[in-house]
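I'd like to ask you about the structure that follows.
Naming follows writing order (A, B, C, D, E and F), and every chain is counted from residue 1.
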Amino acid sequence: MTEAILIMLTLGGVCGAVLSIASKVFYVYEDPRIAQIEYYTAGANCGGCGYAGCSAAAVAVINGKASPNVCVVGDAESAASIAEIMGLDAGSVESAISYNTCKGGERKEEKFSYIGVATCKAASSLYGGKNVCGVGCIGMGDCVKACNFDAIKIGEETIPVIDSNKCVGCGACVKACPKNILSVKTMSERLLEFNNIDGKLAPCSQTCPAEINIPKYISQIIKGDYQGAVNTIRERNPLLLSCGRVCPHPCETYCRRGIVDDSVSINQLKRFVADYEMNSGKRFPITCAPDTGEKVAVIGGGPAGLSCAYFLRRLGHSVTIFEAMPTLGGIIKYGIPEYRLPKKVLDWEIEGIVNLGIEVKTDTKLGRDVDLQSLFASDFKAVFLGIGAWNDYALGIDGENLKGSWKGINFLSSVANGRKITIKEKKAAVVGGGNSAIDCVRTLVRKGAKEVYIVYRRTRKEMPANEVEIIAAEHEGIKFVFLAAPTKVIGNKNGEITHLEYLTMELGEPDASGRRRPVPIEGSETTLEIDMLITAIGQSPDISFIDKDSDLKELKTTRWKTIDNDPLILQANLPYIFTAGDCATGPSLVVDAIGGGRRAARSIHLYLTQAEEEESENKIEPVENALYKKHIPESIFETLEGVVKKPRVTMPELPVEERIKTMDEVDLVISEKEALTEADRCLDCCRICYNKETTETQA
Amino acid sequence: MAKSIAYEFGKGLWKEIPPFRLVLGLCPVLAVTTSLQNGVGMGLATTFVLVCSNILVSMLRKVIPSKVRIACFIIIIATFVTVVELLMQAYAYTLYLQLGIFIPLIVVNCLVLGRAEAFAYKNPIIHSLSDGLGMGIGFTLSLGALGAVREIIGSGELLGYSVFGSSFKPFTFLIEAPGAFVCLGLMLAIMNLASKK
Amino acid sequence: MREMIKMVLVLTILSSFSGGLLAALKNGTQEKIEYQELQNVKGPAIEKILEGCENDPIVDRFKVADGEQERSFFVGIFDGKPKSIAFETYGKGFAGKVGVIVGVNLEDGSMLGAQVTTHNETPGVGSKAQDDPSFVSQFANKTVTDSFGVKPDGGNIDAIAGATITSRGVCMAVTEAGEIYKRLKPEIVKQLEKFNK
Amino acid sequence: MIKQKKLIVSHAPFIHNGSKISIKNYHIMLAALPALLAGIYYYGIQAVGVIGLSISFSVFWELAFNLIAKSEKRIGDGSSAVIGVVFAMMLPATAPWWIILIGTFVAIIIGREIFGGIGSNPFNPAVLGIAIIALSWKEYFDFNQALINFDMDFNMFYPLAALKSFGASSISSISVFDLMLGKQAGAIGAVFGIGIIIGGLYLIAKGIIRWEICFSFIAGIFLTSMTFAMFAPTTYAGPFFHLFTGYTLLGIFFLSPEDSSSPVNKMPMILYGLGCGILTILIRNIGVYADGILYAILIMNIINPLIDKIKPKAFGKV
Amino acid sequence: MLKKPCFNLTKHKLEYESVKEFSSSILEVPLSEKSILFFDVSQEVEIKPDDPLSVKQDDLLKTGEKFLPFKDKSSKYLTSSVTGKISSINTFQSDYGKKYISITVNKEKEEIVCDKFSKKSKEPTIANASEFLSCIPGGISENILSNTGEIKTLFVCGTDNDLFSVTNQYIVSSKIESLKKGIEILKNITGIDNIILVVNKYLEQTALNAEIKTEVINSEYPSSLPKLIVKELLNMELPQDKSFIDIGVDFISAEAVAAITQAYNTGKVPVDKIITFVKKDGYKLLAKARIGTPIKNLCAACDTAIDNNDRLIIGGPMTGSAIYTDDYPILNNTDAVIVQAADNISRTSDYPCINCGTCVMACPARLSVNILVRYLEAGLYEIADDEYDLSACIECGLCSYVCISQIPIFQYIKLGKYELAKIKAKAAEEVDD
Amino acid sequence: MGDYILLAVSCILVNNILLAQYLGNCPFLGTSKKMETAIGMAMAVIFVLVLAGTITWITDTYLLKKFGLEYLRTIAFILVIASLVQFVEMFLKKSIPALYAGLGIFLPLITTNCAVMGACLINIKEEYTFIEALVSSFSYAVGFGLALILFAGVRERVLIARVPKPLQDTSIALVVAGMIALAFYAFKGMA
């Protein structure tokens, strides 16, 4: 007994001593993080990560060659722990799974029969593969073979189907695919993804300024996955309720179905799912990447600012919105009348965005309440300017400032703010042909104006306002005065407006914009009897703050008083300033501002995350091969075979008699059944393939 | 964070059943599974060591410095292995003879050390206990299954009783060393096939 | 330094603790183990050789020093007299040692029989030496002090088919037994007196 | 838009010399015919049964595996049938049906299919099959015992077993010519030496098996057995005896040159053949087994991937 | 010729075609309504197919007129082979990352021959040759035209690279004088002294009679592949990491040499190409067509209808490439066009390698094709290169030709090389970062 | 001398530690996917096993047997081996980094390699003398290395074959190991 204890004591002691001395004598410095990271890997030495064992993988993480989620077996927890050790941007820790972006499958057409090595790589190296579509799936299943987790199979339509339960997002399939139809992206990467000229994109998606994946959400609607559809839209557009109401949907112009009959009512479908969420009584959760600790100031709480703040927040940055007005919303709050976009709806939507953890400072104006100095002092690293365009252009004619004369935006926001304006029984004229002009006239009608004119210097065909809006205005009894250029406002001695004098025009040669330039007819002066005049001929940003802020002296502007920026990366000449929305582009669509906000968010994200590495170079790389505001020529068809005509769902709206009395919402949401019918009209287009409808399947 | 105790126990029985899923501790698996009895005996011995060492490691995990943790684990495991060895000599001598050198070699069974390192050192006692128990039982089941297959086909008997009658000519290949490898390999494949569905 | 001391300390305490524990356990089980060992390894062979004896040969055993070694002898009491003894010798087999128990009738020096105890031979071939009674039965009733060999070597024992080496090993062991018997006979007789009640 | 004609696109070359696996396999079966016919002549209808069962079971197992694994069915190429034929050549005429069933299972499924089918097996499937069943049921491969019921006009015994047990003197009475004619106990296709040689030469001439392996195999046997015989002529037999007994010739012409488990470069082929020959005699002379061909080939199969790394310097390689 | 002999102790033999077996008449293919000019943009790293071109639709091109599609970025030019207006400009993706700009020209009624060359080239000089003649039939390498003095030996190939084709042999047999003169011109303008005509045994006598410096090579495929010509005539194997120019060797086809003579004789840039045409039934004939003529016009002129599931091959049967559209034009290096009927097409199979070793015996580059192909099948291109010498392959296609499993080995090898190049490029990029 | 050669042959081929004694299978399967790794591991095992065999023999003979503490063999041996391996690893890492890169990285795998421990125990069980223990340790290690390298060669080929999915990797490797064990029957009776 004693012997045993003694022997073991000696043995243990000797071994312990030898080891501890040896560890001192033979000490070699090794990054302590290697051991720590290895501790968190699964320890199975499975090789799934592509490194020779867990220890090698740990070294790769330390050297920055692998990301914290290198271990494909380990769960999110271990990845988070590793990221913590590395002190890395934890944004990349989010779990990712593989997505198939090609919808070709069986409907794709082939240009030849292929004999030979049955792998996608081999097939694609001969003339890009047998498909007519140069970018689509080849369908020989290289991805299936590459997957170590049995998560991919070639589905019935001969395109890969991914089992999201088994996929670990290792990316082996992405590497195997010669056509890049698979993508493994984290949420952050997906949020920052931009349409690409090599993309598998339907014409509608190419057109949408916010780059929403339209076919995807429509097919989700068909499947009844409304939440999925909402999430799909939210990856690109946080303001889906608003856009569903006010977006002029340029996407529908390019809808292939429109070649045969009417385009799919894409925006209605968006509105349908957006309203579905709102009416469902709960908010679908929105996930955000872990906090990065970087602070960004967003100046302006309009669509661009909200969009930018939303994406930055989802990328994990801390965002503060500074809004000059008492509430957020900007132009869509103050410039779009209640009957088009009820304030209740907008507030609900903005609340959802702010709830992600965005700090809001209202009644705070740049140049008045804050300046760059104070922002930098509060640790803001980048500034987004989304201040909109709030200065109405003046007509520049006599009598413009008489009593009863308004500026468009000013008028609309006054109405929105509930200021008392006497409109009842007034005769009003609105100068301009854009959407704000129409908004003004329709507001006037609802506020009880007796007669409402719209005075526009070209013809109806050239009116930039949305067609539906014009039609609605016509229905509501607006009188249109075309080819009229106001020359003078005539007032009485009280300084009140009595008449508007204008010249009649005729159309001349087309100008640079392709519209025929109006030429005044000499001596055709006519007067119109009015007592209220609203000029809505366009706006420019209010950039008065530049002069008030010494730090902003250098900020370049354009001759339209917009802030000059790189049109692709939206960085101003001061590297920490990014702009988007109307203040950068001049008055434009809401959805343009939203898309701009997202692009700015990407740039800011890169600016913040790259800044440490390359202090000297603040230039951000533009998105490679971006399809910004372009179309892929081969995807634009002129004829379409195999499509059976089906009528478009008509949008329900309030009857004219009712709607002109109140500011209630005019356009109503379509029913679920109608939404499904409409969604079913979608041809589920990809770049060049689409679902052919045969009469047989209809029967 | 911590998963349920039932989960820790259950995973050893199917999801991570050693040595089929966690390919650890192969040597005894191959060597002693010439019969069901040997397989189960070895499995139980391993289970005992696994559970005890898991508990002790988990208890002492705050005390053991991480640099000498492997040495400490080994001492703990070796102690329990010797306990098993002595007990087996005293009360199950025939089995001890059959298992031979593989009893002391439990100490280097990667399964035991692996669980201590990968689980017990990071988890509380109860979890470690259920993990050890689950893994141990899973290991025993695997060994038993392999032993049964080899015994039935390789010698036509199970637990000493003739299965197919005397006219059966046993496929003795399975009892021999190469047979052990092949049999385990094929069983592994069947497990893979089964778990795919 | 502090950490180093802690490492050494933990390791030392742990190992000495385990040493103590094991020593205690060993003390507690020693008796049992020794009995088990004899009972299981040599028991069946001794029983067969000393068939019909009135005592438990494993209990009635004595040790005789043979040079540096100590050899155990098991006593078989027939008709109330310690007439026979059995003891173990080793020969070299196909794969390692082959243990053979040889029983000798002290009265005429004839062999009661020989039985293989421990071996590592190929199952089904060399193992027949233990399982197949026809081979070992050749030794019965031969004089122990003879020299034995297999027939291919010009000896007098039929080798097991396919297991010449094993057979040779057994013969070697039996031959050695004869030599030991010759060498130690006086001492054995002296010891046997004790059992002569 | 006028529809473009759909042409076939494939990769160069656009012509092929027309060789086919099935033709190759039929040639191998043809080459086995002389030896098999002799076996049938000696052992009668029983031998026909064994051969027939062996071929059909082999094909059956491959088909069964293809059905279960849902892989492409390729039994038409005759490769399983070849394994069946070679397997049958190594069986005694008295082999019971179940041994053939299990043996072909081992050969086809474990020896080949689970490695990925034709071309992927690292070991010769037929050798593996025989080795495993001979290990399990020795009594059926003890040719003296197995063929005890055959009454022949010559002294019927298995020469290698005699050599192993009683030394070279016991076989001194046997003439090499008798052995060549098949006047010995042995497997169906292994006794008629001349037949096997004819078949083997035919295969070499057709370019189906590689002469380097065969000739170096023979060289290995000659070298080693002569060395042994020189030192102890009474214990060890001479080269011609070794060449014409047991599976030797079968090993030389039908087993060792099996495509998938043998090397293809010149030097490795010679090493491989030599190795087979040397090991065969080593096992026969100092090992426990009477016939060493099977294990010699298995050992060389294992070494094959290593020695096949010896290859000529590639074009323009510095 | 393509039959396997009954007993084959030796390896398979494939003999080159002899021009003497052809009827001497040559078929003239009429000028097509539309011609297509291909401009290779895959080699030029900085040029992308969607970069703006310096020519546009409706530009008029004259016969023999040269134009630079990417004026600002590259000095490479194209020679128009017809007179006509550009009707469309597209990109064409060929195999293994090759990309062309295809310029379709609609034929004008009247042919106008561009006279820039005749004005500038009274005397042959290297300057006017490189300015106008890089697109002549048969092609001529930039190294010859740039005249850097690196080339010590220039081989004039009077042999055809691939089986079936006899284009260059035809030139040797019918235009030997022109060839002789062309060699003189080349000697003068490039200063390369050692210009050797390479022929096989069929034309040995013709060449000797003309008293041109000649070497005769083996008439067995693939001995007229450039690397093997160097091996046979200079007795050296081109080291893997070196190009021909590194060892002072270059090649020019006999057709190109004859074209040079023609150019300086007539003052016009030659635009006619000699093509060996193989019909569906294997009947071979020689045709002469403008560069840029679509294959379908060639086929029509040769009375061959293309049907569904036929195979249309540009180049020889061993190294050519199958095309998917008969709108594909004849290029200046299109020596042969083969049409195979649907029921006469050799198929490939997805049988695994059975390790028979026939390919190893056939391989002139001494590769372990049997193992190589397994690594390539598994997509392990780096191991295939490091351990099994993927890049030593000289691309003759014999391995696939003899493969008993009918594995498309050659395709695997080409794909492997292509993918390997991509991997290496990516690695190099990462190193740069 | 002849005895030692016989012992060596027996330990390398006939009683091969991997294929006949089933010891050290985890690293056998783990490090045999690539030839390079296999060679590295083989060298590491040879190196460590010779050292371990010697030290454990000394420990057993002069420490445990002397005090009649054979039952502490397991714990003593493993402690000694583990410390030895760790010591060697640290030593190599510091002093001979080149060797460490080729061989040292396998050392952690050896701690739990039952081939090492098993061979040491066999040395004691068979009551070898010191020289015999040395020879057998070395030979066992060589046998391990030989089997490992041969196995790696075959496995490299199997890795690129079209093995059915359920059989891939470990499963087929075990079958191959079985076949190699079978082939090693060739050496039966040679020592």
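Basically, a contact is a pair of C-beta atoms (placed from the backbone, for glycine too) under 8 Å apart; a residue touches a chain by one contact, two chains touch by 3 or more.
Since the structure is predicted, the reported quantities are computational estimates derived from the model, not experimental observations.
Two chain pairs, B-D and B-C, are weighed by contacting C-beta pairs, with B-C ahead. Averaging Cα atoms per chain gives one point for each, and the point farthest from that of chain F is the centre of A. Inter-chain spacing, taken between the CA centroids of chain B and chain F, is 21 Å. Centroids of chain A and chain F (each the mean of its C-alpha atoms) stand 63 Å apart. Chain centres here are Cα means. That of chain D falls 48 Å from that of chain E. Between chain C and chain F, the centres computed from C-alpha atoms are 32 Å apart.
Annotation for chain F: residues touching 2 or more other chains are 69, 71-72, 75, 79, 82-83, 86, 157, 161-162, 164-165, 167, 172, 175, 179, 182, 185, 188-189. In chain D, 4, 6-11, 110, 114, 116-117, 119-120, 132, 135, 288 are the positions where the chain touches two or more neighbouring chains simultaneously. Counting partner chains per residue, chain C has residues 7, 10-11, 14-15, 18-19, 22-23, 26, 124 touching two or more of them. Those residues of chain D that touch chain A in the shared complex are 4, 6-11. Partner chain F is touched in their complex by these residues of chain A: 3-4, 7-8, 11-12, 15, 18-19, 22-23, 25-28, 45, 150.
Residues 102, 110, 114, 132-133, 135-137 of chain D are the ones that touch chain B when the two sit in their complex. Those residues of chain F lying in contact with chain B across their complex are 19-26, 29, 71-75, 78-79, 82-83, 86, 111-114, 116-118, 121-122, 125, 164-167, 170-175, 177-179, 181-182, 185.
Taken in their complex, chain B has these residues touching chain F: 23-28, 30-31, 70-71, 74-75, 78-79, 81-82, 85-86, 101, 104-105, 107-110, 113, 177-186, 188-190, 192-193, 196.
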